[in-house]
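Note that the chains take the letters A, B, C and D in the order they are written out, and that residue 1 is the start of every chain.
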Amino acid sequence: MNTQQPLRVGIVGLGRMGQRHAQALAFRTPHCQLVSACSPVDSERAYATEYLQVARVYDEFSAFLADPQLDAVVLATPTNLHADQTIAALQAGKHVFVEKPLGLTLVDCERVLSVADKHPDLVAMVGFVRRFDPSYANAHTAIAAGEIGRPFMVRSQTCDQNDPDGFFVRFSPSSGGIFMDCSVHDIDLARWLLGRPKALRAFATGTIALHPALAEFGDVDNGMAIVEFEGGAKAVLYASRTMAHGHETSTEIIGTAGKLMVGEHAAADRIIRSDSHGVRHTVVKDFYERFEAAFAAEMTAFVEACRGTKPLSLTLSDALEATRIALAITRSLKSGMPEAV
Amino acid sequence: MNTQQPLRVGIVGLGRMGQRHAQALAFRTPHCQLVSACSPVDSERAYATEYLQVARVYDEFSAFLADPQLDAVVLATPTNLHADQTIAALQAGKHVFVEKPLGLTLVDCERVLSVADKHPDLVAMVGFVRRFDPSYANAHTAIAAGEIGRPFMVRSQTCDQNDPDGFFVRFSPSSGGIFMDCSVHDIDLARWLLGRPKALRAFATGTIALHPALAEFGDVDNGMAIVEFEGGAKAVLYASRTMAHGHETSTEIIGTAGKLMVGEHAAADRIIRSDSHGVRHTVVKDFYERFEAAFAAEMTAFVEACRGTKPLSLTLSDALEATRIALAITRSLKSGMPEAV
Amino acid sequence: MNTQQPLRVGIVGLGRMGQRHAQALAFRTPHCQLVSACSPVDSERAYATEYLQVARVYDEFSAFLADPQLDAVVLATPTNLHADQTIAALQAGKHVFVEKPLGLTLVDCERVLSVADKHPDLVAMVGFVRRFDPSYANAHTAIAAGEIGRPFMVRSQTCDQNDPDGFFVRFSPSSGGIFMDCSVHDIDLARWLLGRPKALRAFATGTIALHPALAEFGDVDNGMAIVEFEGGAKAVLYASRTMAHGHETSTEIIGTAGKLMVGEHAAADRIIRSDSHGVRHTVVKDFYERFEAAFAAEMTAFVEACRGTKPLSLTLSDALEATRIALAITRSLKSGMPEAV
Amino acid sequence: MNTQQPLRVGIVGLGRMGQRHAQALAFRTPHCQLVSACSPVDSERAYATEYLQVARVYDEFSAFLADPQLDAVVLATPTNLHADQTIAALQAGKHVFVEKPLGLTLVDCERVLSVADKHPDLVAMVGFVRRFDPSYANAHTAIAAGEIGRPFMVRSQTCDQNDPDGFFVRFSPSSGGIFMDCSVHDIDLARWLLGRPKALRAFATGTIALHPALAEFGDVDNGMAIVEFEGGAKAVLYASRTMAHGHETSTEIIGTAGKLMVGEHAAADRIIRSDSHGVRHTVVKDFYERFEAAFAAEMTAFVEACRGTKPLSLTLSDALEATRIALAITRSLKSGMPEAV
């Protein structure tokens, strides 16, 4: 495309995640214009008009897509719409960014890949935001440069601060469970940082520490899993909904010549307090606070990929593989036995 | 002003700092448009046209200022121009952001204050960027909330990685020396975090560790100073040009019920490496890398103040006092005796 | 016994571990006298006479045990002798401290327990040294005081610095493999910190990163395991022989109201270095360096228990259970399936 | 002396410090016997007999000294007795360890040095315990090995947890004030780590944060000082009685190729807690807890020096110089002007 012109982007869905992406597109992304928005919710459309000052606002997806002055679409919609909306956008000739997960089933993911294959000129990107976090990006660069020798193990966790209200309990039936909802990020990181080895088997277990209502859905609030890859590499995963101190996403990559630990302790800022509670720092409250810069960088990367100024290493196939592994882990949690990926 | 319209900003000077401010204004600052640029340097004007896509580009400051479609000016010019350009911009009816220091003499600072007093409707802001760093801002909030009791001491340092090329040596005659160039930030922080007490006396000493050519200018590459404030509070300052590990700006505020340490160790990211060198992290290389987010927040604060959506606590009088204290410290370095502020 | 008199202790085996215990007994343990030593090795007996200034030195275990002026025995001998020597010492009426593991088979452990049951007046203690480390002891106290709510998960690792010479490879056939040799400590910690829940199942996997010769013995140089306990608690274990940076034993205990992390990063001292390698600290080289104070405290605890001045919470049954779990993990490594404990 | 025999040591004074030294001598120091004790206090003598099981106990110093079966004396008595008792012990032919400070006046210190000069065969050692802390010892070794290039600056602090009872206030008249009581350790460290440069001038200031009763004695509860050495090196000192979080003794040594920070944050153990207060560790409560291992190592070093098995780098002249600098700092606190050392 013409790199002289800014990319014209439209946002679909202006809930919590959608607003974040929209702000990044409107105010923080070079060479991009947020030109349209689509939402069935009145207040979300009002937000687009008033705060974001978006010119064209729609309540229907098909009308939104029909706009010829639109180059690219950002989908921040419910998971069950991801696959179909992505397909429709590609077929309308738009670049697509879609929030993770691409789908809750392999069939859904494969349908999208099949359509995307027919539009090699269009960018289709899934929101594995951690790859755009400066620390994870630096870790990937260091590993690629051989700084830790041959990486053979990843330990990675996504641990949320306990939500006494238990939103995620009600959300459990549609989220796919703790591993699909949380660990899918860790799975993508493990594959990326280990060089995309083929996953062979997964074993999982879990416990309910604070939210007994999860039992009804076969879900847990603390889950742990081991993934075995071809060639001997392993991933050890932990996901929790019950941390007392805040949100702590961290990942350790162990190699033959050293190891990297990313994100541990999840400091909210650069302040150390020394007082009657000891020497301490505060912790990020949630993944928004932890990955704020990464969300902005992710939109920048999407825009650069659409404009052709910088290639994207993240593929739809990565999203498919992450789903495939998360499904095997979820089966193992239920069967109690290792499951083939 | 009309908060419905974006603020129209022009940048003056597109050197290292100017480019950074311009990028923030063009791509990262909500409700703002970078509409013009001014520089006597051809390549800087080309950068404005091509990369920033600025509409109106000038080689002369007076022509730039005459633009009626301009609301606000950002000055990233040599220190010796700061006072006069600020005055001219105010007299042209523009809001002004000017890089620190406001001036190297009290007379210069006072001339600006006097003109600003006559334009109470215009924002005039000096670039004490650290106040806009999230960690320093959180520290200020915590202190104001009484979290450390009564603060009575600040220890603050600005320590640059050694530049073997010694740029700052050649720059010494015009920078005002190490305390005026580096510690002026720490002085502003100390006053801000201690509640703006009146400074009474200053004592300074220093040493030349690696750059003997500084002796010619009466300057040092490592300087330390103590400032005594009315009411008993103290500031202990350290500035260095010779750190081996990177740039480390840090500040400790000690109160009767606890202390805060901001910025120590200056980690470049959230990675901990464990290898044959021990357990370690890398360090930010320079103040740009350390304060990147703060520079963006500073521009946002300037725009918000100009648009009237959020007041600014930073005043020209703060800049005058910081210069006054830095001058007393500099005198003490030369006299070897405590100097009245 | 008479608490007015010091305890009279004899040491058996003066290899690496034996010398360490002997030094603690001779020079660092209150109310204790190292009165005799036993070793088949000439140089070890010479060390006892000359450096430790021990009065009575033997080359035969039975003669050593026959000494009526001996109250207690410390066994630092090869693992395959542990059970029989412990039994003989108890039958000779001596208190016994024996290095871990108590035995490599359940039968051996049970034989010792059976004899010990007949001598309730004698102390019989296995060297789970970590329980005497000040940090682990403080963690246990904090958990018992409810500081982290209900603990439900332990993550624990024993990671040795890579030994290019591969001593542990040759040692593999007699050590019982990586989990029996290293993780048995983590298993004991997990049980102790979780309140001794009954273990139900274990799953393990592993990889060979640097020492292919281990394959012959069915052993690995990096092993990971999950243990499931009655009531839902879990332990996630990691053992490695290939760390680049040093020895890092660490344990995380996660509860419903907080978590504790013990020993992470394994700093060798209280020095932070800031130089061209970043900001860093050195790491303990091996478990001796990490647990030096704990080894001394362990001997003090043994002497206090023998003298009746302070009870011991560590029991032979703890050692039996640790072996039982380590065996199940080892079976799982070979079968690839979860194994009942 | 005969290194085949243990050194026979007597302790004088069994208050808080004396008990600590006595326990180290009785239970933790190789090749040493605690054979006698001297105290005017009944309960202290009972402690010696009963807990320490010391054979000979005295209430009079001269009778204690007259014992021919005594090789060495450890003085843990009030500061005003240090000089005279050290002299008497040397004249009785005993090695002497005396707690810091050697004296509160230069005259006292010089009297001791003069007597010690006449007994070159006897060890006379002042208790600058920090030199025996493993971390400070490692720092000294690293600096001597050139790891930070040429050291040119030391920043060092002794900061006590606030004692609401204000023991140190009543103690102020006899302690010599905050710099003589606390900073004398930092001064000794600075000289040791910088290679014993000659001190030229000192400047000090201070404030009273919490203990107004100190004003009567011309003392402060927070003091800061700068010492200038020949050759350009500087020391920046801080002493506080009012920390909220615990005792934090820390020292930074800055060189041309790197810096070392010793003891910062003063973690009480190796536990990191993550809970509703953030991520945190507890802090040592007082200098005893911080330097427990150093106190034991100090006694070991004293015994080794007396037995001739390992030389001592710490000299009485070091103690004299530390007192000289502390006196100049104390004068400056009162005069408000730099004082010649």
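The working rule: a residue touches a chain if its C-beta (ideal position, glycine included) is under 8 Å from a C-beta of that chain, and two chains touch if they have at least 3 such contacts.
Keep in mind the model is a prediction, meaning the values are calculated, not measured.
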item	value
Chain pair showing more contacts of the two, C-D and B-C	C-D
Label of the chain whose CA centroid is most distant from the centroid of chain B	C
Cα-centroid distance, chain B relative to chain D, in whole angstrom	43
Distance from the mean Cα position of chain D to that of chain C, given in whole angstrom	37
Between chain B and chain C, centroid-to-centroid distance (C-alpha), Å	56
Residue numbers of chain A (touch at least two other chains)	148, 243-245, 257-259, 272-276
Chain A residues within the chain D interface of the complex	243-246, 248, 265-267, 272-283
Touch list for chain A against partner chain C, complex	148-150, 152-153, 155, 203, 205-210, 222, 224, 226, 228, 232-234, 236, 238, 240, 242-245, 254-259, 336-338
Contacting residues of chain B [partner chain A, same complex]	23, 26-30, 133-135, 138-139, 142, 147-148, 257-264, 268-276, 293
